[in-house]
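Listed next: structures, encoded as structure tokens.
Okay, so subunit A shows up in both of these, paired with subunit B first and subunit C after.
Then we have the complex of A and B:
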């Protein structure tokens, strides 16, 4: 009776103990970071002697962190727009198109997901060095869009696949111009897919570090680049505060995505 | 409609990667000398071996820890399973640098883990837990766990519990039903997850760079160093090509053996 929960007996206890241990293992670093960011010890003593908001104040008053956060936000939003637009057009072509090589295209669009990021990062670094896009905002946006696009493509093409195109066709037959039919019928129907594609794209750019390390210049640094640079020098509590903010943003976006998924399922 | 996405992929993904690979056979002069150098220099071959060693240990440890969790998740009714899933997804999507930073602080000589163990009198000297193989393995297992629990869970879930009831009716004990029924039936799911974790580990950059020591460099770190610090683009390109061939080859194997199940990795 190894797959019937109520009849597993002592085995159930063993599995539970391991699962709880794994959950603690997965959660501890995340909780630890947040606790550390409120601790008063500069040397990261834990449990901290007292609690403080000092490290957050340091962050909020340090122009480097603020500029980096703003840069990350700007790049993330631009990547979101590009990646969703490309995701929609590519999904329409692959799902609705009737041309040979659609399966090949689908495979091609997903390869950035499986290629080791470091290979893409150094390749882009060398190309951008040559064409003068290194260390520029547009260079960042292009490189992050390549990484985010596969996720947008998968999400959007999945929701487009489950949408019945004949409803859009009906609107066209009733006299709506195709573009209006698409915008007014199809887009609202797949809006949850679009929204999760947008959130995923933003999150990928916002968290991305490997390409960013190669792309960054002293004038243009994203938040992960700054954390990376700080980490290689010393383990300060300011990094814990910056990391906690990243964790918080991830948490919020994940909850939105989960809520969307639930609505999508209903 | 697929044109914009196709252009992005060709110009900013395929082209730079191809150019990087081309450098491996053209710089400093045409020929295969870069590959010869990689395989003839003991520093480089040690890095290759180390990469496979780390990826191998990570895979085995992750698989052993993940199996009981996936098993419990597969039989657990509703709500409790949702909580475990939420923890897994949260850890998976939390910023990579934030999680790695947490482990750097937790594992350092004066960190919580060493202090606690010393406080309990289990050790008298701090254990070297970071800047070595131990640190890398802890960090990598932490990151890879979700990627193996999720596919393994769906593999175990798809097994019909009636088969195990039949085994038990035929007189098989728990151990025998596990070893002769459950394990073989879930083996392909486990192998698929393990192969994916192995491939993702091979190309990992951030975690080994931060949690490993100078002796634990992996292939991704070596590529980064050759290109960015040593400006040896030919040799870096050759190393990137090897990583690329191994990665895509193993993914190809995975698709042939287990069907198409892509998952993201950073």
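Then we have the complex of A and C:
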């Protein structure tokens, strides 16, 4: 352990500067946009001349924003369900299954994480146009499920791996049919993993914009897509308000995930 | 013997090309405590899992009370099982764990509550019903698992090395509990272990497993006194196998034996598995307890005492023969006399406590 903090001497200052700079870079845009969403200036003047909730009122009364938020929510929830179900079945296959190619499958399941999103978006767009899924809810859910699935798979397979199969066997020998044993014993035992997979899946769909832009149609727009589209037309504080809400929900979900991880680690 | 309660018939289980169980047959009486004893990978657990239904055997049959149970899925076999690892349902309280098999069977709430109390009393954990499994020690968890497995009065209880994760002192304690529970409930128990002491202490009979087969079934005393094979002789109880350079077969299944240093021993009984001929290699099995220092300086096998350990009532000594083979002696402490480590000595043994194995 040569490189410990205590031995760094003058380098400590440099470390502190870098750390503070990183924090500022990460936080300032968020704080800035939240501040602007409460500012009274229509032209996004900073610092705001006065404070107001007007832009949030606008949001709440504008059907476009409400529809987009509802669409985001609907797609996010559908993606969550699909991705967790797929995550459970895929994890069962890879962790419990005994067939050649399991490791290959494990790697394959993670490819959506490493594939450039824009490549995936273009490819999916072209494919969906051809099969008539472009601009449809089903297409949207499928595309986002592909993106969310690797995260659900990792979380669920990790908790399934650390769950002793003998416990499920014990339940079966106690007289529970295998499916009952799985649902009543295994599922509750890995519930933290399942919940965290669900939250992750929802978040990935909730703030995803690249694929969403390709999948969206005038009738079907998610919140990030609408923010992006609105930005191109006009720079209004309403966008700042919408962004703030997006950030807030993401933040809350991330905090729940962090709390779950702490309980998982115990 | 009348119809056996549990019958395992020529059971075979292949994993790919490898036979984990290779033709196991066994008859178990009702209420019997029978241990499967053997080294790891000898097929004892696989046999148990086949009875449980967690593995399907490749061929053979398992019959309970005269009927094959192989067609019955594990959850309908009504068999109790305690596993090597802790298998309490982690999200359920102790009482809910014991209640689980009863709930599945559709018992009424009052019946379940009564039975759970009975089981907690049986495994001596009254008052622990509302604890979570994680709050219990390993020994307590295995006792709850035992209570859960017995709650529905299974005809057979399977135990797969349930104490191997516990330390020695706790193991001894729970062995006593298991014996008591076997006596109170009268349940038929199949018990897998690789610990011969545990098998000897608990069981009515022991089946010794090796390479997917049963080498011998019998009481601990029978296995010790009359091992059917060289493997059983080596596995049950301590034993020395001395090299033999020549064998001259005599009458009555006995032989004169010469050891590599020229020492000759008369009247050594052939083991039943031997061909009783003069040709071929052989080994002389002698229990450490049968070996004694010879009183005279001339008779017996000359050895060097490498190490001598005082163990209270007994003394254990590691000896080296003149051809460099090590073997053990164990004798009452007061008979050791002036012998000490580093000295030369001569040892002898009672010919009836030996077996001559031919290879």
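Definition applied: the second predicted complex is superposed on the first by the 263 of 266 C-alpha atoms of A that agree within 3 Å, B and C clash if a C-alpha of one lies under 4 Å from a C-alpha of the other, contacts with A are read in each partner's own complex, and residues count from 1 in each chain.
Keep in mind that, in the parts below, a contact is a pair of C-beta atoms (placed from the backbone, for glycine too) under 8 Å apart; a residue touches a chain by one contact, two chains touch by 3 or more.
None of the values given here were measured: they were computed from a predicted structure.
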Point to revise | Residue contacts with subunit A in the superposition, subunit B compared against subunit C | key: B
Exercise for review: Considering only the touch criterion stated at the top, classify A:178 as touching first (subunit B), second (subunit C), both, or neither.
Suggested key: second
Review point. Of the partners subunit B and subunit C, which touch A:188 in the superposed model: first, second, both, neither?
Key: second
Review point. Who does A:251 touch here: subunit B (first), subunit C (second), both, or neither?
Key: first
Review point. Should A:259 be classified as contacting the first partner (subunit B), the second (subunit C), both, or neither?
Key: neither
Exercise for review: Could you tell me if A:145 is touching subunit B, subunit C, both of them or neither one (first, second, both, neither)?
Suggested key: first
Review point. Thinking of the overlay built on chain A, is A:13 touched by subunit B (first), by subunit C (second), by both, or by neither?
Key: neither
Practice item. Based on the superposed arrangement, let me know which partner A:60 touches: subunit B (first), subunit C (second), both, or neither? Key: neither
Practice item. Could you say whether A:167 touches subunit B, subunit C, both of them, or neither, answering first, second, both or neither? Key: second
Practice item. Could you look at A:129 and tell me whether it touches subunit B, subunit C, both or neither (first, second, both, neither)? Key: neither
Revision key, fill the gap. Residue positions on subunit C within touch of subunit A in the complex are 52-54, 73-81, 83-91, 100-101, 104-105, 145, 148-149, 152
Practice item. Can you check the complex and tell me which residues of subunit A touch subunit C? Key: 164, 166-167, 169-178, 180-181, 185, 188-189, 191
Exercise for review: Name, in rising order, each residue of subunit A that touches subunit B in their complex.
Suggested key: 1-5, 8, 11, 14-16, 18-19, 22-23, 25-30, 32-33, 36, 43-44, 46, 85-87, 89-90, 92-94, 97, 105, 108-127, 142-143, 145-146, 149-151, 153, 203, 207-210, 214, 224, 227-228, 231-232, 235, 239-240, 243-244, 246-247, 250-251, 254, 258
Check your understanding: Residues of subunit B touching subunit A in their complex?
Key -> 1-6, 8-9, 12-13, 15-17, 19-20, 23, 65-66, 68-69, 71-77, 84, 86-91, 93-106, 108, 110-112, 142, 145-146, 156, 159, 161, 164-165, 168, 174, 177-178, 181-182, 199, 202-206, 210, 220, 223-224, 227-228, 233, 236, 240, 243-244, 247-248, 251, 262-266
